[in-house]
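We call the chains A, B and C, going by the order they appear; numbering starts again at 1 in every chain.
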Amino acid sequence: MIAYTLSAGLLFGLYFSLAALGLNLVFGVMRLINLAHGDFLMLGAFLAYGLYTVAGLNPLYAIPAEVVVFMFAGVILYYAVVPRLLASHNPEMLSFILLFGLSQIIEALAVIAFGNDERAIPSTIYGSRPVSLFGQTFPVAWVVSAAVSALALLAVYLYLHHSRLGYATRAVMASRDEAAGTGINVHRVSAIALGVGLALAATAGAFSAFMLGSIGPDMGIHITTVSFAVIVIGSLGNPLGTVLGGLVYGLGLMFMETYHPSWADLLPFVLLIVILLIRPSGLLGQRVRLA
Amino acid sequence: MPRGVWFSVGVVLLFVVLPFVYGNHDLLFSMMMYLVLAQGINVLFGFTGYLPFGYVGFFGAGAYGMSLAILLLHFPPFAALIAGAAAAVLVALVLAPLLRLSGAYFAIASLAASEVLYYVISNPHLTSITQGPYGINLAAVYDSSASYAVMVAVLALALGMVVYLRNSRTGLALQAIREEPVSAGFAGVNVVRERTRAWLMSAALAGLAGGAYAWHVSVFYPKPVFDLNISVFAIVFTLFGGVATLSGPVVGTLLLYGLYNWIGISQPQYFQLVFGVVIVALVLFLPNGLVSLLRRVGANVP
Amino acid sequence: MSLSSVSRLWLFAGAVLLMTLVTGIPSRAAGIPGEIRIGTLYADSGPFATSSKSQLQGLKFWVDEVNRAGGAYVRAYHRRIPVKLITYNDRSSTTTAATLYNQLITQDHVNILAADFGSVLTSVAVPIAQEHRMLLFDQTGTGATFFSTKNPYIVLTSLPSSAEWPYSLADFLKSQPQITRAALLYATNDFTGSQAQTLRQRLHGSHVKLVFDHGVPTSTSSYALLLHNVQAARPQALIEFGYPNNDIAFLHDLQASGMKFNMVFTIFPGQLFALMESSVGPKTLAYTYTYPTPPLLVYNRVNYGPGLDNFRRAFRSAGGKEPNFLNIAGYNTGLVIQKTLATAASLQQLAMRRSIVSFSGKLHTLNGTFRIDPATGAQTGETLPVGQFIPAGKGLAVRMLYPPEVATGRPVYPAQ
């Protein structure tokens, strides 16, 4: 039983790392919390669902479409509102409220477009025979989702540490002003970071039907909160910390669901509050500002 | 006479008179409930800059505090209502450390706190105490006119609280903190104490509203009294009208909740869209709400 | 502040309020009414939307049918009077529903008030109807707390109170000597929680031991890990009580896990067969057990309204779709209303309730026997049997197993 829970926790941990990574990347670059993060993940889920129902394609095929569509969406969103907000007298709070409004709009449009029923992609789409892993058997869809998550995390690592744009992105994360001083086009770097952030969320969305049970237009706010908990555990603004946060959360969730299932829903919220109050810097990294 | 008293009396009288000419008392009741919650958000956000996303947690705490005082302790309804408010204030005291967090972190942490409260209260293992997910039944004390009257009184209290804040030293101190916390501290304002006071006042209002609501509907499940949409509505109404004013949340609630019930009856799916667009438009074009427009044209609004 | 600005705002606020609130107060016609107004709510979105819309569709079908015949016969006026259905959308929210029930009673002055689908959305209507002395036609709100001897203003038209649902399931399990270990997995809400409670009580002291007994939140959408826990308890029978979303997720995850149990029971394949079959596939449903309801279950002793086959034909030609159970439940509400109007001496609410008691037990529709407890208004006539899905050709057929008087065969046990 413990072996099963541990390995399931690892699979889910990888997945939650991917689900939260985009939120942290955006936070790191812009110092704002994308309250619509979960809603973009939901849109990604519906895109994959659409491809499945229309063309019978499994969610792996949705990934290229997700990346292209949401990269664009992120860049457009950035230039439409962010520079204007950063110039206002209270950018943190105003952008927070604005993104909250955006999240309401996305959810409403999704309800109008897709209806409010819960939907699912059958997890037998990759074959109905379970996969054996670490001596335990798991649904294939879990293993595929976790593998995609691991690859995406690796790609983000390579991007941040082994590409010119990645160096610039990390410079902006360290200090927006200093980066601008060294001649980095901060707006361009930030816009791309928002695009990458949304693309990561949407990619995670493609597999949410397997990992979160079902998809519906109202799933966004819960995912935003869970993702926020994951990045707070890891540490805000540190994309690699997110992987640690995701694993801690995934393992915690699986242990709760195995041994105290009726209390499992409390986990992300309790973790979030406790870490914010006791160790706001997360398990890795520096302190965030406090009032 | 302090500014805003006549306005408040007018609003309260409106809800005393309307039941005699308009039959859907539940709609009037919900309208008052949102007026109270919007003013509660106003007390905290308008005067301290803290935006409590999880404000509904206090509402739910009030509803459950009231109900459990009746079911377990056999309180009479009025005493139970006080117990409901006390429960909300108690929750606020426990959560007071959240005020150490800044803006957006506070907002999300308070949301998480209301979810914690919901999952604890609705947990099946606590069924013998809270009725768990199976909900509350107060049919034995159901009294729609008395609970309506109580909500009118709570509304009067909420408006009175904002009138007080706008005319007292506490209110001025709070606004100073909101604008410049550091220099307010230097000027001898006890930042932590004043802020905590606004937090507790705001929680008490939501607790009273929740208690009155529980009494009025008398049969409810945990989900509806911890529904995040209650926070969302109250926040949007307040922002729309204009924060840190008396009339802003009132105008915002009457207009938007009126619209909600008007559209809501035939085309509800478009309502959330309207809300979202209103929020985005406000942030981009009118950060101080509708009432600031009236001010701009020279009206002296409370 | 100046008085002029006060009065300006005052006028503004008052005007807005009046504008939005007063949606027209219809005048009450004296003498013979031109129409019988029936008010009800439905949910276009949210967790109850699927069921609620089906139920409304059934009721609407009845309204159209009656109006084509020139209206419903109203004994109080000795003539046929057209029926007008007034509906509002509550979006599955109880707060909205409370306001809208009130709207139907106080602003639309409906003659007959029918509740939305299910216990949650019915719960708020119960005190409101009682306060306004309106008889609530409760369609599928089966919560046991709604019914008491103190409140005459409610009558349950379809389905027994949820606590009674598992009676035959418990008896069936006890009649199977080879089943000694059972697992119970249920969603913690009124509807399924009370069923779990009944099953637990009824199995207590029998040879069937509950080796696993666990409640999960109604929002649960992943059962994979729970199934792992169930398997560790090695049950022969696995009973899952949930709402449609739970049942779909459960059956999905059961299929994906590759686990096999000798007997698996779920509620909603018996009520929303088409939805469940398209969501999880016939292969997953094969050999599972359920409570079959019409149209899977056919009542032959119909003395009021069409039989199942005729209804099915008419419903298909009107909407192009196979009727599901909730369509039939909504239609059945219409039949009960029709019978009430035809027998009540006046349209006064308690007179209607008295007439319902008078025909209770004598009305046999395609939904079974309509019989209420005269003291509380709860439904006692319709019982839920136990059946099993058996592969037949490309699809599935239902084999009735219990109680013995309706049985059409023996269970396939263990499941293949």
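Just so we're on the same page, contacts are C-beta pairs under 8 Å (C-beta built on N, C-alpha and C of every residue); 3 or more make two chains touch, one makes a residue touch a chain.
The structure presented is a predicted model; accordingly, all values stated were derived computationally and were not measured.
Comparing the chain pairs B-C and A-C, the larger number of C-beta pairs in contact belongs to B-C. Using the mean of the Cα atoms as each chain's centre, the chain most removed from subunit A is C. Spacing of subunit A relative to subunit B, judged by their CA centroids, is 32 angstrom. Subunit B and subunit C have Cα centroids separated by 35 Å. Subunit A and subunit C have Cα centroids lying 39 Å from one another. Annotation for subunit B: residues 124, 269 touch two or more other chains. Each of residues 111, 262, 265 in subunit A touches at least two other chains. Chain contacts: subunit C has residues 44-45, 188, 215, 217 touching two or more partner chains.
Against subunit A, in their complex, subunit C makes its touches with residues 44-46, 49-50, 188, 214-217, 219-222, 224-226, 228-229, 232, 245, 248-249, 252-253, 255-258, 279-281.
On subunit B, the positions that touch subunit A within their shared complex are 49, 51, 97-109, 111-113, 115-116, 119-120, 123-125, 181, 228, 232, 239, 269-273, 275-280, 282-284, 287. Partner subunit B is touched in their complex by these residues of subunit C: 1-3, 5-6, 8-10, 12-14, 16-17, 19-23, 25, 44-45, 88-89, 91, 93-96, 98-103, 106-107, 120, 123-124, 126-128, 131, 145, 188-190, 193, 215, 217-218.
Residues of subunit A touching subunit C in their complex: 1, 4-5, 8, 111, 115-118, 120, 122-124, 128-130, 137, 139, 141-142, 211-214, 254, 257-258, 261-262, 265.
Interface residues of subunit B, counted against subunit C in their complex, comprise 3-4, 6-7, 10-11, 14, 18, 22-27, 30-31, 122, 124, 132-135, 137, 139, 142, 144, 217-221, 224, 227, 229, 247, 250-251, 254-255, 258-259, 261-262, 264-266, 268-269, 299-302.
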